[in-house]
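Shared between the two complexes below is subunit A, which has subunit B as its partner in the first and subunit C in the second.
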Partner chain A sequence: MTIPALKVEGLTVEIARGRESFRAVDDVSYALEPARSIGIVGESGCGKSISLRAIMGLLPDAARVVAGAVAVHGTGLSLEGKGAARQRRGHLAMIFQDPGTALNPVQKVGEQIAETPRLVLGETRGRARERALELLRHVGIADPERRYDSYPYELSGGTRQRVMIAIALASQPKVLLCDEPTTALDVTIQAQILRLLVDLREEMGLSVVFVTHELALVGQLCEDVCVMYASRLVETGPTPAVLERPLHPYTLGLLRSAVDLDEELEAPKPIPGSLPDPARRPSGCPFHPRCFLATPECASTTVTLTGLGDGRASACLHVERLLTEDGRALQEAAAKAAVKPQDPAGTAGGDGRG
Partner chain B sequence: MAEPLLTLRDLKATFTVPGYGVVRAVDGVSLEVAAGEIVGLVGESGCGKSTIGRCITGQVVPSAGEVVLDGMKLGRRRSPQQRRAAQMVFQDPASSLNPRMSVRAVLAELLRVHRLVPRDQVERRCRELMGLVGMPDQALDGHPHQFSGGQRQRIAIARALAVEPRLLIADEPVSALDVSVQATILQLFDDLRQRLGLAVLLISHNLAVVRYLSDKVAVMYLGSIAELAQRDALFADPRAPYTRVLLEAAPRLGQIGKTPDPGLKGDPPSAVNLPSGCRFHTRCPRAEERCSVEEPALLPVHDGPPPAGGEVHLAACHFRAGHPGAPGQTG
Partner chain C sequence: MYVLRRLLQAIPVVLGIVVVVFFMLRLIPGDPAAALLGTHATPEAIQALRDRWGLDEPIWVQFWLFLQQLAQGDTGTSLFYDVSTRTLIASRIPVTVALVALASVFSVLIAVPLATYAAVRKDRLPDHAIRMVPLVGLGMPSFWVGLVLILLFSVQLGWFPVGGWGDTFAEHVYGLILPALTSALGIVPLLVRSLRAGMLEVLEADYVAVARSKGIRESRVLFVHVARNAFVPTLTLLGINIAFLMGATVVVERVFQLNGLGSLMLTAISNRDFPVVQGVTIIFALAVVVITLVTDLVAAATDPRIKLS
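And then the complex of A and B:
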């Protein structure tokens, strides 16, 4: 077995809110092979972004890692303390959803890139400038000499994201963590950035963790996928297999609720109910109040991710039904049987149906 | 054909930015929406699609052209009746609803101010509106923060419906919502069209959303329409190169392992200095010399009379009749 580029084990993050605290990330584990990509998919508040920040050592003050380990190419990284972010140089780098707020608005973008070679790698000013120009060229920015002296406000969203990627690459990381890097961009620009990430992976052997809410993007970029719901991983596996035949009701629901250009024009099938408040996760399987396979046991049994062979795993009590029966048919039958579930104002979970 | 509900005639909207120039956000758009029809307006950010919506509701004063809605020519000053005729649903319901007002207060205020129902009927009408958007009556007592994103969008739609509009302008109505609830809102628009005969101008950057809901689609680029056709014709046989590029770049579930093809290099030009000739020629994969000189008009792609029952398929491209050697989108 090769040593994974990134190994995350049992990562658990708690966030304090007032007097209470809740688990924003609960026992998340995955491994990423060198020069490959893994996608982490989930909806807002599922913990996908917080899990990336925990790995990067950039958690907000209210959050702390209570358990777990992170290793890059076999080197363990500390998850807390002031030096945590510094320790990641040369190992990990991260890019964010909105490059407009992640860049320093009053510093020339070239200088922002040159900062890393100069201060971290100890290059001279001249060498650092050379390196920055090289990186600008590498991320596909035309006319790097001129762009070096631009301020972020002078650049379009796509170019800003390229600058972010150049800054990330300046420390020569082995793994790039991407937090919804294309969500704020137009589709044609999104395609350009995705192409750049694929090229970088091939040219530099960079491994990529790609967090997104869009399954279609994961399908185009990532060999493996982790689906996250209410702070936990609910399904993991090779992307084509997972998208072809999901083995968790939430993955199936997510796939069927999205409108897609390739789908027949049938009505999308929304998942009933709404996302639970992360601080008030339903008992047992957190998806059970919205699930078409739910039985009374689902509310009381704690489910964990269980291996199913072929690199796949699912956290569903009734996974054997999805393995043997047609999930779509099951979902449709359940939708017909349900008497239009109504979620009254603001209540999350525990509406005592059964 | 009957008189369309909404007619835009050569609509233009410009903004003067001091020290920068004149931004031609909408640059001569003509469009018709029939009663009960859903028309999709797609394009990338800055193409002017939202400005068109704002011109119709009067939030932006057009610099030229006409907005005719339900037989009324809408100008700068509008009667209450004219203002009611077109209502807007915004992208982010969290910021478009007053956080201090209960849902009942929001709806009741509208009903009273516009004197739409007698005072003793206000409560009944509020409940009716909640029913229309699939919310329980108890929701009337709630405040916006107590609801999920999808529920808030339903409330925003109920607010728009309260004044009995003929046309709903939905500006990116599902972009801020989670995928698992987007579908319920899309279905709600379809449902409202069927039950109330409501027309919808659906403004979105998401091609899949537009394809699912629209009868007719207009693709916009830099302030003007690049292609206009019935939904199926547009997606099966796109004629404007820009439409093709958009379709190629869109992520699809059916293309696992295939990185999307950017098709385009660079960013759209600024709306201050529009390119000469065809405004897309600087980025167009098919551009020839003629394109940089001569601006193509929005013209039918087929010669002769339009096919029976179908509407005309228009594209603003010199090569709209077909590209030699260019394959169609699907078989």
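And then the complex of A and C:
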């Protein structure tokens, strides 16, 4: 068995809010094989971004890791303390969601890229500049000589995200963490940035963690997928198998709520209800108030991610039913039965995207 | 281009100030000459003053005369000292400039470290203490703070003079320490709170996380990425507060017996010496315009985005 490029075990993050604190990430474990990619999918607020920040050692002051371990190619990383982020150089790099806020507004973009080769890898000024130009070219920016001296406000969203990618690559990382790298961009630009990430990954043999709220993206990009709900992983497995036959009602709901452009256009079908406040998580299975399979036991029984063979796992009490019956049919039947005589406004509309 | 535009923008502001100061005198109900000379003035004295100020001329002629005087840096002859306001004001400027400058230095030296410490220790005891304690100071008027400082450091401990300006440069600085501290303490509470908020915004920004993720030293993250972004809002804030400091000098100079513009203003008001009041008002207003202009220009030199808007 190979050593995973990134191994996350039992990662648990607590966030203090006033006097109380809640678990934003609860017992999350996964392993990313070298040169492969894993997608982490869930609604906004489910804890997926904060889990990436915890891995990077970049948690905000109010958050702290209370349990868990992270290792890159077998080397354990410290999860707290001032030096935590520094320790990751050459191992991990992260691409942030919004390139509009992730670039220093008063520093030339070229210098922001050259900072890593010059100060971390110990190159000379001239050599660091060359390296930055090379990276700008590499991420598909035309006329890098001119762009080197640009400030972020002078660049388009897509170009800013390319610069962000160049900054991430400058430290020559082995694992790239992408936090919704296309969410803040125009649809046309999204495809270009995804293409770039796919190309870079193959070219450089990077291992990638791809956090998104769009299951469809994971289908295109990632060999494996983790579905996250209310701070926990609820289903994991190889992406094609999970998309083909989901083994958790939440995954089914995500798939059903996605707009399918191949089908005739109809109203999106959101999962009823909305993501619970992490500080007031429902007892038992946190998804039970919104679940079409829920039974009274679901509210009282603690569910954990249970292996089902073929690399798959699900945290559903009724996973047997999903294994033996057609989950999609069950879901449609439940949706039909739930249609109320009048509720045109759809008051219980969790939007599934956020 | 930006510099030119900013300079042009200052022109209407200055014109507005001149107009307001001009009408300050003319809008006094009744006859300004009679009002200024008081109830015991003879009709001859009142008429003499009316002639001197040209109050019998049409208003636009008066304004034109006023502008002509201003162009020579003058607002007329002081009624009390009988010298031109220009001479009078010029002799008082150094004291006030030195006081405001030293008070600005003190407020930066006090506020920036406190705000930084509070921001880094956010929501912990030092943060709460730094935000709360100075608020008590905010409730105390500066003449009272000045008197307390005099009682403590001059009368009790004898470290500083009770007041006055001295003769040598060293004496000037020595004599200005307590008054400058008094003025500075007046603006420190507000300064600390706004600076802390500004720094927190920068400290929690994504680009600071990105900078940390590069693996560069924390000191570089703080000095290059945080400080440069926190500098512009800090500077703008300081510019506004220096303007406020100038207002405070009126009281502080009196408490510490400094012969600056502030005490000149107070004396002129109680003597109904209107040309002097006009002159000092214009100087104060112009100083605020210039300080704002300079802060904006320095901000533009630091932040490339400012030239856009």
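Assume the second predicted complex is superposed on the first by the 328 of 354 C-alpha atoms of A that agree within 3 Å, B and C clash if a C-alpha of one lies under 4 Å from a C-alpha of the other, contacts with A are read in each partner's own complex, and residues count from 1 in each chain.
Quick note on the criterion: contacts are C-beta pairs under 8 Å (C-beta built on N, C-alpha and C of every residue); 3 or more make two chains touch, one makes a residue touch a chain.
Computed from a predicted model, the values in this text were never measured in an experiment.
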Clash or fit: subunit B against subunit C, after overlaying the two structures on subunit A?
fit
With both structures fitted on chain A, tell me whether subunit B or subunit C touches more of subunit A's residues.
B
Of the partners subunit B and subunit C, which touch A:P282 in the superposed model: first, second, both, neither?
neither
Subunit B versus subunit C as contact partner of A:H213, first or second or both or neither
first
Which partner does A:P34 contact after superposing on A: first (subunit B), second (subunit C), both, neither?
neither
Taking the superposition on A as described, I'd like to know which of subunit B and subunit C A:I271 touches: first, second, both or neither.
first
Thinking of the overlay built on chain A, is A:T239 touched by subunit B (first), by subunit C (second), by both, or by neither?
first
Closest Cα approach between subunit B and subunit C after superposing, in Å?
9
Given the complex with subunit B, which residues does subunit A contribute to the contact?
43-44, 142, 156, 158-159, 186-192, 194-195, 198, 213-217, 219-221, 239-240, 243, 253-255, 257-263, 265, 267-271, 274-275, 342-346
Give the list of subunit C residues in touch with subunit A in this complex.
122-123, 204-207, 209-218, 220, 224-225, 228-229, 232, 302-305, 308
Which of the residues in subunit A come into contact with subunit C in the complex?
53, 56-58, 60-61, 82, 85-86, 88-90, 93-94, 96, 98, 101-107, 115-116, 119-120, 151, 153, 164, 167, 170-171
Parts of subunit B lying in touch with subunit A, wherever the complex brings them together:
44-45, 134, 136, 138-139, 141-142, 146-148, 150-151, 178-184, 186-187, 205-209, 211-212, 235, 245-267
